[in-house]
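The structure appears below as structure tokens.
Chain nomenclature is as follows: A, B, C and D, assigned in order of appearance, with residue numbering initiated at 1 for each chain independently.
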Amino acid sequence: MAEEAKPPVPPPPPEGEKKPAAEGRAAPASAEAAKPAAPAKPAGPVPVPWTSPLVEKYKGQYGSGLDAQTYLGQNYFAVDRSLIPDILRLLRDEEQFDYCVDITAVHYLQREKQFDVVWILYSFPRNERVRVKTQIADGASIPSSVSLWATANWLEREVYDMFGIQFDGHPDLKRILLPDGWKGHPLRKDYGILQQDNEWVQINLGIESGQ
Amino acid sequence: MNPALNSGLNSAVNAGMAPVATPWFFYGLAGLAVVSGLLVITRRNAVHSALALIVTLLAVTGLYLMLYAPFVAAVQIFVYAGGIMLLFLFVIMLVNIERSSKDRQFNRMWPVGLAAACALLALFMTAFVKGKALFPDRMMAMPESSNTQQIAGMLYGEAGRMGEYTFAFEIASLLLLVAILGAVIMTKKKV
Amino acid sequence: MPNFIMSYLGIKDAITPGAAGSQFWALVYVFIIFAGVSVAVMAMNWLERKALAHFQIRLGPMRVGPHGLLQPIADAIKLMLKEDIIPAEADQFVFWVAPLIGLLASFTVYTVIPFGPSQAVSDMNIGILFMLGVSSLGVLGIVVAGWASNSHYPLIGALRSSAQMVSYEVAMGLAVVSAILMTSLNATGTGTLSMIGIVQAQQQQGVWFIFKFFPLGLIAFGIFAIAMIAETNRAPFDMAEAESELTAGYHTEYSGLRWSLFMLAEYAAMIAVSSIAVALWLGGWLRPFPNLLQGPAWDFIFSLFPGLTFLGLAAIAVVGVVRMPSHSFFKIQRIGLAGFAAVLGFIALLLLIIAVAGRSGDASGAMSPAARFREGIDYVYWFVFKVAVFMYLFIWYRATWPRYRFDQLMKIGWKVMLPISLVVLIATAIVGVLVS
Amino acid sequence: MNDSTHDVSNRALSNLDLETSEKPYLDSNELIINMGPQHPATHGVLRVILKLDGEKVLGTECVIGYLHRGVEKIAENRTYTMFNPYVDRMDYVAAVSNGLGYCEAVEKLMNVEAPARAKYIRVILTELNRIASHQLWLGTHALDIGAMTPLFYTFRDREEILKIFEKYCGARLTTHAFRIGGCQYETYAGFEKEVKNFLTFVAPKIDEYEELLTTNRIWIERTKNVGVISALDAIALGVTGPVLRASGVKWDLRKAQPYAAYSEFDFDIPTGTNGDTYDRYLVRMAEMRQSLRIIEQAVNRIPEGPIMAKVPKIIKPPVGEIYHSIEAPKGELGYFIVSDGSTQPYRLRVRPPSFVNLQALDTMVRGLLVADVVAVIGTIDIVLGEVDR
């Protein structure tokens, strides 16, 4: 299960002629380079492998289930779904990533595993950010991290509300921004921007047209 | 409320006019007291009963004023209408009215109560009709001075003399204190 | 002409219509006071909005009439015409009757408020008890209103206000008792509960009770002054209607005329408790320093005050006329304000003429009818003036302070004010015994 | 689209099914009371369901979403440039900060950097906006606690800031002051002078607010030890901004991970010790003064030069993703942008500080009274436009 290796970096395609230094703030020179991009092929920095003792440690521990990259100076782990609880717990307990900045998701309609779930973590002692990403299929669930960071409660509820991703072990997983009876998850790519739950509007708001 | 009822006899006499406590006021107030008293026991809604009880008390207050007993009247307003009834309301408001209003209102003791009420009425009538003849020495004299001061004299004494009821008064206040402490202990989990 | 009329005008010796036993004239007095209080409430309404606005760098009402002078009237008309909504789930009868209870309670106390030695409906010998007792009935209106609305916020507001009023009445009562105790410091050793008697006691002893046994009188007065704010549910003790917590507290569900009755009752109650404070501690109708600055000359100087006050108000109105922009839009407003200034100026002139005509002439003590009439006006003026100061303080408090929390309010009432007032009462008694 | 106002009255109250301990000797009923969405003290359309024992709060549940406009969905259907004004509508009280965060995030994604002068202008406007936001917070917070006068004072002084905004970019509230790559507008003539005048004008005004409140006994009693949140709780709940700093965590993104030109200025991070409402009040007051310091330095040292970096007319960031966050007046405002190389963001996630901070409400108000709920909602300083987006 964990051995199912995946292509490490889902979104950025590998073509790109420039490799800026791993340091985040790009020099003006690279800005110059980025600018005249023709519509056809956007030039830009590509992710480079992230090397640090932390990465070494976890690489050794988890091997191919885990991939560490740096893009524009921002580090992230692409992690196999099954490793998520371990990695998050280790990051919090051993690496002092004590602050969960955000939990969100990205929907890729064409992919087999449709969703990227992203945790953005920050460590007060290290003054360092890291992102943890994993891919899950539509309808699959993912362990909740409320027990690790209390803040995950509402953040996960919002992800559930907007994408329909289930979080196992969440104390109160229900919609947060949309009303309870709403059908559909609006931030999915197959949910049109003009689309509405007309039935809900008609029943609850008494608006005949449903808009 | 007619202010003229509140006059003290002295000043009225000074002014050379008769007091205005006419029988009409008496009948009005008495009737009000009786009607609202009946409402107290017949209303199903407890809050309505409490409000009717307040009206009763206020009517009785008016009667006290007519008897030149302003102090008693004020205490009646203060203690009963203002204080006790407020606490009554306080409790009643938090009780489930819907349920209590469905409860059976008269218990089976009502014949006894009716008998007691009739007996009381008979007593009052007797006292009213034959009172002067029965107790000639207790015939009420019109108070010379303000009865507020008389009450003070009875309760606390005057001119170095202990009052007639000082001891009873103090004992009663002690009893009340005990009652308050008991209430606190009963309601509070940890004192 | 009946004696008490003449006495009201100051022509005959002091006697109130209640004491004289005239129902008709007592009723006339009641109507005069009712009308006067209603007008005072309207004026207070305007003044509160205006003063509050100026505290808060705003202008307040400016549109209806010059400087919004007609705003209260416009409001009154609006409130009377507004739909009187009774919630479907409310207890109709109780909901209907609740504002009346409050209004009745706060207006009944005016029967014993002494605007002067004879300028009162009645001089009850238990006046102060009557006032406190009846004004405590006002809370019934609030409690019942909160319950009858059948809604959560009003119910909480009602519970809060009743708990608050009950607990502050205790400290208030004790402070009042310590003032009453001071009335007994005379030759006979007998005090009085009559409002007029209390003021007369201050006159005889030659000191306002606020300064008596300094600082005991002052502390008792302070306690009363705090408790009376809590009694009337005003900021910073306006828990019962704290709009940021309970939307509007007990009158959340009320609207239109019925709501305005609550407001009327509240303001009337404010004036009433201020009157108690004035009568008990601030010498009631007595002018400042009645025993130090005696003599016809001082009498004359102080008798100019009513006229001068109105003259000052007229001057403010004139300044307003002058400063109004010279645009045709403001023509009517300017005329209106000028007319208002003229009325004020006329009243001022009248009062000044009375003051001059009613000069107490010789030292023989015999007073002309004009002098007595002038004296009556002075009494009422000084009483109303002192009450007005309290009214201003009420506004000032509201503009300055945040709101207390409910438990803090209770803590202050029971743990601070009650012990202090008890100590003051006992100390007053001891000092009184030692002095006499 | 009018999908923003929903009636959510049929929400389950599962969050409130708390343990009801052992039955007391005299049992009393618990009261479920609904605060909002139309309530004077919920700062918009927040709905808080309170479970009360008398007036004591046993638990709360926030019902939000009444102002949900689907900002993130809109972003996916607009170009980067077109979306720029939308961010102003989230935290409309601090629109400039929103714009700064968005522009910087996109710039970072495109790997360009705004010129120095633009950065200084950004800092000046953002800090002015921080003061305006805090002033609005102070006024409404004080009003909630019953002090109505500070509201008018703060609005009077906030007006001066809005005037500067209006002169700079034509808008007072939703300013849209910045563009991707810098600023669109050069400062108007007399900008520096007006900002300096404002600094001398507002410093004594802040003293004036403090005079009304800081030593006021009632204010202290209402705010001290009310809504306490410990540093550990605050971190676990992801609370940021003044609320976190008042709990004693000296953390400010302007210092920790400087953006714009903040690394060039000298300023302190005010912190509290108790994490109560009073500390949060003091922290925000001190922050206003620190903002004045920053503005003063920035306006004195503002460099000459271009105000716009070289960015193409059509903004097309390369494929990739970025998270960038700034210290908004309410806390960490982050933008997580995923680009697929087209002119529209593939996914744009806003990390709203108000939303996350609001989550701490329940922790803060348990065991307090209803009146404190009002005080605590005020002290968290939420803007529902940002909570619901």
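Definition applied: a contact is a pair of C-beta atoms (placed from the backbone, for glycine too) under 8 Å apart; a residue touches a chain by one contact, two chains touch by 3 or more.
On a predicted model such as this, the values are computed, not experimentally measured, just so you know.
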item	value
Farthest-lying chain, centroid of Cα atoms versus that of chain A	B
Pair with more cross-chain C-beta pairs in contact, given B-C and C-D	B-C
Where chain B and chain C are represented by their mean Cα positions, the distance between them in whole Å	30
Interchain centroid distance [CA atoms averaged], chain A/chain C, Å	67
Centroid distance [mean C-alpha coordinates] between chain D and chain C, Å	46
Centre distance in Å when chain A and chain D are each reduced to the mean of their C-alpha atoms	24
Contacting residues of chain D [partner chain A, same complex]	1-3, 5-8, 10-12, 14-15, 64-65, 68, 70, 72-74, 76-77, 108-113, 233, 235-239, 249, 251, 256-257, 309-312, 314, 316-323, 325, 332, 334, 336, 338, 340-341, 346-347, 349, 351, 355-356, 359, 388-389
Chain D contact footprint on chain A (complex, rising order)	11-13, 16, 20, 24-26, 28, 30-32, 34-37, 39, 42-45, 47, 71-72, 74, 98-102, 104, 106-107, 118, 120, 124, 127, 129, 131, 149-151, 153-155, 158, 162, 172, 174-181, 186-187, 191, 193-194, 196, 201, 204-205, 207, 211
Chain C contact footprint on chain B (complex, rising order)	1-4, 6-8, 11-12, 14-15, 17-20, 45, 47-48, 51, 54, 70-71, 73-75, 77-78, 81-83, 85-87, 89-90, 93, 146, 148-149
Touch list for chain C against partner chain B, complex	3-4, 15, 17-23, 26, 29-30, 91, 93-94, 97, 108, 111, 121-126, 129-130, 132-134, 136-137, 139-140, 143-144, 146-148, 155, 158-159, 162, 166, 190, 193
Complex interface listing, chain C residues touching chain D	52, 55-58, 152-153, 156, 160, 235-236, 238-239, 242-247, 398-408
